[in-house]
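Following this message is one structure expressed as structure tokens.
Should a chain be cited, it is by its letter among A, B, C, D and E, assigned in written order, with residues numbered from 1 in that chain.
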């Protein structure tokens, strides 16, 4: 019993930090550009597929971990420049339709290129066994995912709090026009944030693609979870997304222990409750602004 | 501009105004009414021909009408009253399930079942709305999404049966199947043509009712809420209650659409309630033209037609996705908006297209 | 999260059906009201072309299955120059997704608009159950059930139009019970995907296992489309059973096997299950984690009698033929034989010809039960071993002529 | 520069106040926007609220209209405590506010803007409110036309509000408030940004309205304030510094120090 | 008044004295026409006031110059180079800096972060300039780590001005309603700062509702009404012209 709770905790944390990688991009993109990016799940999926191809073709997981986010980042840049940018300043609804269209498109492309069957990214050789700590035996690779994601999140967190770029991002989420008038080319920042978010989602796709199967439904599967996280955390808040992702990760893991069929229900009830109690999410900016 | 400003604009609908045709005046101008009547007449005449030559097209048409009704019900609350509901699938699905259950257990009489579908749609909408109408903009959308997904999961996991300890109520992931079509006083409406006429009649009537309500004192208050929610409150209207009632009315028509769709398909499946249905509906609305009432029906028609036609192409998702992307970038007022511009001033339409293209080039150059 | 949502985000049509595009385009141009469609509706005698409607998913978790069925069907046609009994065969393929409502729509469309003489599919049992009403009421096409194994189609439907060219869920579960009891142990933990098909499999297996004297000590239901299985492993492990019996398919099967391996689930317990747990579509992704696990299916790509089919399939599609491809192939065989035997594409003639028919299948011969149209076939217990191109299934025992219950169905 | 002559001082004191606050306080987090304000407004008078930016004038208005509830204290309107009542029902009870920044329905016509407000008392959730055509609420339509004439916008009735000139928009703003048939009208800087002629017209309109409505006005133009007010309330830092007639305020030392400063406006 | 005479004819020639020339700009918000052929100029080292009532287009003029709401026609030149229609960050790079109405400091950022952000757009390292800024704005120095949203109105105004001085060298400062909502004493402080900056050589275009304050600071003034320049003159001259003050600005 204790073991299963500890394991579920580890799983919940691991899911939390990887979900946070996906949700971080989503929330930052919303914060700065007011874009509700429905295609974000598709970018995560592309990460999984590029990761799979690279890992199997070059036989190196590490190449996949580095290259897939770069490729998806470049695709994200193109997406931002050619489809999103002309729509800035319009009602965010149009971005919903646009990115919905993009998600459908990318899914079609994935089916064309990779086909419909489930794949899995081969794990790196060093992480095949499992580790036993106290009462818990846990697969090494899963711990690796937990550690790597946590490290990346911490670095991002620190950067957002302290670096010039982080200050820039927070300021842009607040008032892009003012940032622009201070002499900063905001459209470059937009592209940068979008690329960054896309690469993070792709990174999560590679990391999870070696524990979960890579399949054409994975993008649409994660986007709703990501939305729930972003909404609970507060649209535009990175900090909120991280906390909410951990919350959702743990709810998912514990929910499976308690009442598997109702886990999904918990997520939405949680989201509804948070919105009713704090309409702008846990760390929403609306009240402060 | 700040996010919060957009949200405010979204909430009070000032951005949408420009997309919405006919705001500030009558919903559905008299020339548009004539158009609706003509199209309706054509459909009445065309139906038996289609039935005799290619019943498949009659089927498509029936589906388009049902989805058109669903789209108009959403347009009433979203395009007209400015509340983006991301949970319309819940009312649609529960209305459908109610019909399925009643038909299998009680009666196939449409005069009994359909009103109850409407009541169930209203009830679910009132429940969701009661929690959600206090929120605005994106938050309203997210709340409706959350509650609708709750209904989806409840039906998918057959929670009522689990709670009551009976074998099945919603049929879980299988849904309810073998649902017969309606009869009215012993007249079977099982065939394609009778069912088409039933649907057609009800959709037309619903359309007329919604247009009428939109043009009623109540409806005008909704329009004002879309434009400036706060001020409506400060000229003495109970805005929350207006929103709740509007959402409930809209839910009733969504329930009716479900009640028409389920016997038509002979199954009620949990997929009816999934968020993707709500998402597809919004696509239909934006594609057709928000706030125009007739545009969304057109949008429903185009989406269903494209899905059917492109289904022969291996890459159809890519094509469909591209169509959405192009429309959204170059024709933000939807098909209805483009048609209106084209009809009123063809030269301006050409100009606008040129403008749209050059501003696109401009924006990607930077 | 359930995968139901994902299946709807995009819908897609089989890419194995390209030659058909031009006709669809032609129809799109408005000719749908023309003579081709009318001729199709009339069906039957004097009809030069036979129309086969493929009602299978080409998107979502079941997409690969749908594609394989179509490939198998087309392989047979190619081997016969695209003709059956001298008549040209046209395949019209439509995506059911795993959406019951859509399944009904396209079944209706295939029959009424395309004038299909046969409906092949579907993959999902929920879709099959939903389709029953339409097939029955249209009454003009034979239904070659190429995968949907839910016994309720036999029990509740019991339709003369319905022929299983595949299996039913009793066949892929119950017969394994005796083998597990004899070869592995007396206690079993059942872990299955918590939906109709998985639960049917669980019930059938438990009944059979208890009947032979074994004990089911734990049952673990996992929601369909689960990404992370580890929270469920503790219950399975702590049951202390000798064996696990599972029903999972597609990405669930991949996740369950590879994560179970990660967590050392199979160190103490022997994994068994329905054949879909360890099939050609999942093995490459499961990799070495799959080795040493047993499953029951009416097909094994390594079986001797199957090798010609596997070779032909590899030539055509550069892939190892899976069970779904075989089912598609057999659907084509059954249809062709019925047309040739009956000498007509009239629905009644087809049904008469097909009743009790024996098929020379790549899986080994099978015949239709004369009361239920369900197959009577050999079932293979298979073990995953390391092959030349990665893991593959080796038949360890064959249970012959497995005949399922009739569930009070007597069609004729 | 004398007090408005329409209302005599004896009349004011002899009648029950229309609006009365007691210890009214509103805090936003750590900021106290309105601090322990007790004031009295007599019916059929013009009261002004003056004070520097941030003194709490607008917050006071927002408390009166129910935009938010007070942290502490009472607001009595016609003897009834209305603190915490929802804005729409406060409007129905007779307190209406007009805005400094025009705040109406840009895409609707001038007539529609007014008609909507005039319609409120005649509309509820009865069947006919859903089935009738909106133009068929005769009483509201008549009221709307009457008010349009009164604010001299009848010639632009069919133009959309967004196409009106600045001055016209200001009039429309007042018209909307009048359409709600207020007993107590709160006006936020009715002359802000107006030219001298426009200002004169606006003052005339205000005085005309005052003939049958109690008014509370936030205004910066001291000359106007001194000219038309029966009572002047001076606020500073959320507190009510002084309250009295024009002469009393003019001679109040605290007011001179805190607000009028060096000025000889 | 030779200077104002040459402008009165409306035809400007490029003159090296003119830091900033706005020539016949027409600006729209959507379909609504806000500025009508507005022309004005600001010379090197000057303080010029742009006054008028609410909603006459003062802020729009500033926004047009800054590229936030680019004019549809007309030209804007800085030091003789046309900058019309450039994006705001490019205009900032040319030395024009903007202190907006209502200050618009980044409330969630600390005082120091606000300044770091402004310095970010400069090509060279500006860390040494921070100290000069903090020396000038002592109140900010004390509150380096405080969130800007918690500052008082006056402090926020100081921060907004300080922020405009970091980044690329500022030689033209566009000040929009710096006295708005400030207590009289604080307004005096703001005036002092504006004078100091001007003494340091910064050219200033000052938009004010508070006409007396603006005219007290400025050398020259333009009066806007309904989107048009209706008056231009020496600031003192306008200040003493009671009828003009009353007519245009409602000051009695």
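In the analysis below, contacts are C-beta pairs under 8 Å (C-beta built on N, C-alpha and C of every residue); 3 or more make two chains touch, one makes a residue touch a chain.
Just so it is clear, the model here is predicted, and its values are computed rather than measured.
For the pair subunit A and subunit C, chains touching both partners: B.
Chain centres here are means of the Cα atoms, and by that rule the chain farthest away from subunit E is C. The distance from the centre of subunit C to the centre of subunit E, with each centre set as the mean of the Cα atoms, comes to 75 Å.
With centres set at the average Cα position, the gap from subunit A to subunit D is 51 Å.
As a whole-number value, the distance joining the C-alpha centres of subunit D and subunit E reads 34 Å. Multi-chain contact residues of subunit E, defined as those touching 2 or more other chains: 87.
Residue positions 103-104, 107-108, 111-112, 174-175, 177, 220, 224, 261, 264, 285, 289 of subunit A each touch two or more of the other chains. In subunit B, the residues touching two or more other chains are 275-276, 314, 316-317, 320-321, 366.
Under the contact rule stated at the top, the pairs of chains that touch are A-B, A-C, A-E, B-C, B-D, D-E.
On subunit A, the positions that touch subunit C within their shared complex are 1, 3-4, 7-8, 11, 15, 103-104, 107-108, 111-112, 115-120, 122, 130, 137-139, 141-142, 211-213, 215-222, 224-225, 252-254, 256-257, 260-261, 263-264.
On subunit B, the positions that touch subunit D within their shared complex are 14, 17, 23-24, 212-213, 215-221, 223-224, 227-228, 230-239, 241, 245.
Of all the residues in subunit C, the ones that touch subunit B in their complex are 2, 4-5, 8-15, 17-18, 20-21, 23-25, 27-28, 32-33, 37-38, 41, 59, 94-95, 99-101, 104-105, 108-109, 112-114, 125-126, 129-130, 132-134, 195-196, 224. On subunit D, the positions that touch subunit E within their shared complex are 52-54, 162, 166, 191-196, 199, 221, 223, 261, 265.
Across the complex, subunit E meets subunit D through its residues 32, 53-56, 153, 180-184, 225-226, 246-247, 250, 252.
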